[in-house]
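Note that subunit A is present in both complexes that follow, paired respectively with subunit B and with subunit C.
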Partner chain A sequence: MSMLSSVSIKTNRRSYSGFGASVAALARREFRDALSSRWFILFTIAFAVLTIGVSFVSLSGVGSHGFSGFSKTSAGLLNLIMLIVPLMALIAGAGTIAGERERGTLVYLLSQPVSRTEVVLGKYVGLACALCCSLCLGFAVSAAVIAWRAGGVGVAAFSLLIATTCALALAMLAVGLLLSIISRRANVAVGLGLFVWLVAVFASDLGLMAGTVLFRLRVQDVFALAIVNPLQAFKMAVIVGMNASLDVLGPVGAYATQSFGSALPWMLWSVIVLWTVIPLSLGVVLFARKGSI
Partner chain B sequence: MIAATRVTKTYGRFRAVDGASFELSPGESLALWGSNGAGKTTLIRCVLGITRFRGSVTINGVDVSRRGKIARSMIGYVPQELAFHDDARVGPSLMFFAGLRRVSSRAASRSLESVGLAGNERKRLRDLSGGMKQRLALAVALLSDPPVIVLDEPTSNLDASGRSEVADSLRAQRALGKTMIFASHRPDEVRALASRVLVMERGRVARDTTPEELWGSGGDPSVMRIMVEGAGEQVAAEILRRAGHKVSLNGHGLCVTVEEHRKAAPIESLFRADVRVRDIEFLERTDHSGAGS
Partner chain C sequence: MRVARAMIPIFMLTMCAGALGASTEEIARLIDAADAGATIVVPPGVYEGHLSIKKAVTLDGDGRVTIDGGGEGTVLTLLAPGITIRGMTVRGSGSGVEREPAGVRAETGPVVIEDVRVEDTLFGIDLREAPGSVIRRNVVRGKHLEPGRRGDGIRLWWSHGCTVEENDVAGSRDMVFWYSEDLTIARNTVRDSRYGLHFMYSHNTHVSENVLSNNSVGVYLMYSNSITLERNRLLNNRGASGYGVGLKDCDDIVVTSNAILANRVGLYVDNSPSSADSTGVISRNYIAFNETGLLATPITHANAISENAFVENEEQAASHGRGDLSRNDFAVNGRGNFWSDYAGFDGDGDAIGEVAYEPRSLFFHLLASEPNLRLFIHSPAQQAIEFTARALPELQPTPILTDPSPLTALPITGAPIEMSSHGSRAMGALAASLAGVSALVVLSLGRAPRLAPAGRPIRATGKQEASA
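Moving on, here comes the complex of A and B:
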C-alpha cells in the first residue's frame, strides 16, 4: 500500500473513535424517518385529536377556571395517556431493529463503521426525540384548549404531566426496542409489543384485583405489585406530582402516602427510570452479543 | 492487508464457512466463486466483522471481531442490492453515510461524481435504475476513500447496461490500486476484476487459484453458462468434467469453458448422457465489459 494510504488508515483509526457522533448521526436519521412515517403521523394526529376531545369533555361542566379546570382535564388526560402512549412507544420500538433486519437494511447499516451499541442507542435516541415531539404537540394543543376554555393553565403541573408522560414513553420505547432486538421478524416484535401493552394496561389491574381477593394480599404487597407496573407508577407519580393525595386510589394509596411520604415521588420516578434503563441496557448487551444479524 | 485464518461460521449444526483461510496483499483483487450456499456471503460478513465466527480476520492488522468499527472504517462495502429506504433521496442518504464515516459534504459530492451520479442528489432511491443504485452503493463505499472494497455479487440483479456501468466503476477502482474482495457468479466479471479466485464448496476453500487457471488463459475459449433441467447440476458437471471440459458451478448454472469452434461439444456430451439442457448463455469475454450475449 502506498504511503498515502497508510496515512489515510492512521487518520481513520483516530477519527473513528467518536461514539457520540455516530449515535447522533444515527439518531438524526431515525428522527427524520419517524417523523415522515405514516404510523407516526397517524399516532400524533390521534393523540392530538383525543387530547382536544378529552379537554373539551372535561371542561364542559360548569365553573371550571384556571388550575381547577386543568386538574379536571389532566384527570381525563391521564387515562388517555395510559392507553395511547405505551401503545405508541411499544410499537415504535418494536418495529425498528426487527423491521430493518427484515428489509435487509440492518446488514448494510452494520457494515458501516459503527458499533452495535451505537446502532441501538442511535435508534433509541432518535425515536425518543420523535415520540417526545409528538407528545408535546398533543399537549400543546390541549394546553391551548384549556387556556381558551378555562382561562389559564397551571404551568408547573402541566409541565410535570408532560415530563412524566415523556418518561413513560421512553420506558415503553426501551421495552419495545428490546422486543425488536430479540425478535427475528417485525410482526412478531409488534405482536409481542401489543401483548406487553395489553398486560400493562388491562391484565395487571385485573390480575392485581384477582390476586388480592384470591390470596388475601396485604396492602403493602398490593402496593409493591402495583408499582412494578410502569403504568401504575406513572399514574401515581402524576397524582402525587399534582399535590393530590393518593387516597383517591383507596387503601393502597393511603398506605403509600403514609409509609413513604416525601420519598414516594422519587420511588415512583425510580420505577419508571428503571423500566427505561434495564430494557435498554439489556437490549444493548443482547444486540452486541448476537452471533448473527 | 487482509488475513483470514481458519474462519468458521456455524448456524446450529450447519457449517456455512468451514475453516476458510486466505491472505490478500494490498492492491490484490480476490473473487469468491462457488454455488449458492457455498459460503461466499457468510465469508464476506465475517470479513466485515458483522457476524460472530471462529478464527480470525484482520484488516491491516486490525482484528474485525475485536475492533470491528475501526476495521470497517478501512472497508467500503457494496451489497448485492442497495438496501436503504426507497423513499429517501440520494443526497441526504449519502450525507447520512458521510456522517457515519466522518467525511465532509464536499467529499460526498466527489464520491458521487466519481461514480457518475453527480446531479442526481434530489432523486429518490426508488427512481434510480438498478445500475444507478449500485453505483450509489459504490459511492457510499468510497466515501472515506477506504483501501479495501468488499462487494457481494454487485451485478447479480442488474441488466446488461447496469452491469456494464458498475463494471466500469469497479475497473476504475481496481486501477487506483484498491484491494478488493468480491463474490460473483459471472466468469467475465471475475476475469476482468480478479487477480485471484477462491473457489468455495460447502463452506470450504476448495481452490485458491487464478481466473486463468480456472477458465483458461482468456485467449480463444469463451465461457458458456448451461442451465440443466431439475437439480442435476452436480451430475451434469461430473459428466462434463469426464468429457474433458473445465466446469464450475456457481448457483446460476454450470459455467463451462468452450473452445471457439467447438461450442456445441458440452451440449452434445450432456445430450448423450440424457441430461436435458434448459437454456444456455454465452458470457461475454473477459477483456470486454458488459453483458452476456
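Moving on, here comes the complex of A and C:
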C-alpha cells in the first residue's frame, strides 16, 4: 500500500531538473516508504528495546562509577550493534529494488524522467536517512537510560559510537542494495542479505579464529585478514576511538596500535568507507547495464 | 622577581638574594653562618647552581625559593643527618643516566624533605642509606623524556624506617624502594609513570591510601615480604605489564580493601607466597572493570582469597599459562567472593550461593593457548562460541577455579571506590538532541511533498501486499 502511494515523483521538470534534485525527490519517497513499512518500524522498536536492555543490564546492581573509557556498557552495546545493525541495513537494502522489480513498479519508476543512477542513489540516500534516524532514536533512549543511571559511557565516546554505527549501517546498506540489484526477486535478495549477514557476523570471524588456531597465523596476518570484515573494522574503530589504543584486543591489537599509531583510525574508517563506495558504485554500474528490468 | 627588603626576616644577617641570577653560594654562606640545628629562612628568589648541605640545619623557602641546577648534575645534596628542607622548588638536574643526577639526594639520614617541588630532573628525590627520613607533601615532575630514559620519581635505597606520604609524582619511572624495611607509605599519588610503587627486597611495610593511576603497573611487589596493601586505589594501569597490583615471589602479603579498577589485569600473582610455610591474604578488595580481574601463574598457591568483589571484569580470573588456580582457597570460614557473573542462587537466605562458582568459558580457555584470539572479543562470534560450549558440554573446559561458597550480595569491602559521576547531564542532553534531530528529520522528510501547481499526486489504485 504505502509502497505505491509514493509513486508521486514530480513530472514537473521545472521543480526537479538537476541530478541532485531528482536524487532528493527519490530519496524522500524512499524515506517515507521506509517509515511506513512494517519491518522498519519493527527494527526500530527492536533496536531501541535492546539498547535499553543492554544499558540497563550493564549498569544494574553495581553501578559504573562514572567510567568514561571502554566499559561494560560500551562492550554490550557493541555486541548488540554488530548483531542487529548489519541485519537491519542489509535487509533494508535488499528489499528495495528487487521488491519494486517484482511488483512491477520499477518499470513505472524508470519511465519517469530520472536516470538509473539517480534511482539507485535516491533509494540509497533515502534508506540511509531512514536507517540513521532509526538508529539515533534507539541511541537516544539508550543515552537517556545511561544519563538516568548516571554513568557508563562518556558523551564523546557515545557520540563516536553513534557515528561509527551509522557508518557501518551505510556500508551494509550499500551491500544490501547491490544484492537487491543483482536479484530478480525480493525473496532471493533478502535471502542473500541474510547469508551475507551470517558470513559477516559469524562465519568469517569463526573461520578466522579457526585459522588462527590451526595455522598459527602471525599477528600481522590475523590483523590484515580481520579488518577486511567491515564489522571487525567497525569494532576496532569504536574501541580505538574510545581508548586511543587497541590494547584491549590483545597481541593483535597491540601490534596494530604500535605499527599504525595515529593512522589506525583512518585505516579502519577507510575500510568502512570502501565497503560503502565499492558496492554502491558496482550497484550503479550493474543497474545501468541491466537490459531487463 | 625582585622582593621587598621588608619581607626578609630580621634575623637574616646576610644580604638578600632577590637579585637576578643569585647563586646558591649565597645559601651556602647562610648555612655556614648558622649553628647546627638552626632554622634558616631563605630569602625568596631564584638561585642558580648546586648546593651541598653538610650541617644539620632546617632550610625553609616558604614556597618562594627556587634552586635551579641549570640542567647539570644533582641540584641539592644532603650530606648530614638532621637536615630538613622545606617549601622550595628544585629544578634542572642533569639528564645523563651515568651518575643518576637527582633533584634532591640524601646520602645519610635521617633527613626531612617536605613541601618541595622537584621538576625537570632525571631522578626526583633520592635517598641513599638515609634511614628514618621523612618525605612528605612533595611534588615531583620528571623530565620530558621517553619512558625508557626516565629516572625514578622517588627512590629509597637501604633506608629503613622512612615515612613517605602525601607525595604527588607524575611522568617519572617508579616510586621505588630498594632494600628498605619498616616503611610507611601513605596517601601518595603516582600517575603516568612506569610502576606506581615498586618494592624490591623491601620488607615489613604498610602501604595505604595511595592513588596509582595510568601507570604501567600500580603497585609491584618483588621479593619483598610482610607487606600490607590497604585501601589503595589502583586505576587504569594498563601499560606493557598493565597490572593494578603485581606480586612476585613475596611471602606473607596482605592485600585488603583496595579498589582495583579498569586495569589491564587487576591483580597479578606470580609464585607468591613462595616459601613453604607462608601465606597470602587477598580479601575485601573491590576488583572491577579490569580486562582480567585476577591473573595468577599456575604455580601460585596458598593464597586465601575471600570476600572480594569481582565486578564486571571481562575475565574474572585467569591462569597465566596452562593450569588452573585450584591450589588457592577461594573461601575462608565458609565465605567466598562476590562474582558479578555468578548465576547460582541463595536458597536459605544467608547471602551465600548454594552452587559453587566455577567459571568455564570456552572462549577464554582458547585465549589462554592462543592469545591472538583476543582480537575477536566483544563480537557475536565470541557469544557463538560460548553458546556452543553450553549446548555441547563435552566442549566445556574444566573450571579455572572453584569458589565453594560465593557471596550473592556485594560485600562491604571498605575500598575507596567512590567516583564522581558527572557527565550524566551532558548525556541527557545528548539523548534529547538525538531524539529531537531524528524526530525533526522524520517530520520534515516524512510528510508528503508539496505539490507543484500543475501536479497531482499519482495514487496507486490497486492495493498490493508489501512483502516484509
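Quick notes on this one:
Rule of thumb we're sticking to: the second predicted complex is superposed on the first by the 262 of 293 C-alpha atoms of A that agree within 3 Å, B and C clash if a C-alpha of one lies under 4 Å from a C-alpha of the other, contacts with A are read in each partner's own complex, and residues count from 1 in each chain.
Methods note: a residue touches a chain if its C-beta (ideal position, glycine included) is under 8 Å from a C-beta of that chain, and two chains touch if they have at least 3 such contacts.
None of the values given here were measured: they were computed from a predicted structure.
Of the two partner chains, both subunit B and subunit C are touched by A:Arg103.
Touched residues of subunit A, counted separately for subunit B and subunit C, are more numerous for C. Shared-chain residue A:Gly250: touches subunit C; no touch with subunit B. In the superposed model, A:Val114 makes contact with subunit B only, not with subunit C.
In the superposition on chain A, A:Ser22 makes contact with subunit B only, not with subunit C. In the three-chain superposition model, subunit A touches both subunit B and subunit C at residues 1-2, 5, 8, 12, 15, 25, 28, 103. Contacts from subunit B toward subunit A in the complex involve residues 1, 11, 26-27, 45, 48, 50-52, 60, 62, 68-70, 72-75, 77, 79, 81-85, 87, 96-97, 99-102, 144-147, 177, 179. Remark: subunit A residues 1-2, 5, 8-9, 12-13, 15-16, 18, 21-22, 25-26, 28-29, 33, 36, 103-105, 107-108, 110-115, 118, 290-293 touch subunit B in the complex. Residues 1-5, 7-8, 10-12, 14-15, 25, 28, 31-32, 35, 37-39, 58, 61-62, 64-69, 71-72, 75, 78-79, 82-83, 95, 99, 102-103, 129, 132-134, 136-137, 139-144, 146-148, 150-151, 153-155, 158-159, 162, 186-187, 201-202, 205-206, 208-209, 212-213, 217, 219, 222-223, 226, 231-232, 235, 239, 247-253 of subunit A are the ones touching subunit C in the complex. Remark: subunit C residues 236, 238, 242, 261-262, 264, 288-289, 291, 309, 311-312, 314, 340, 366-367, 370-381, 383-385, 410, 417-428, 430-432, 434-435, 437-439, 441-442, 445-449, 452, 454-455, 457-460, 462-464, 466-468 touch subunit A in the complex.
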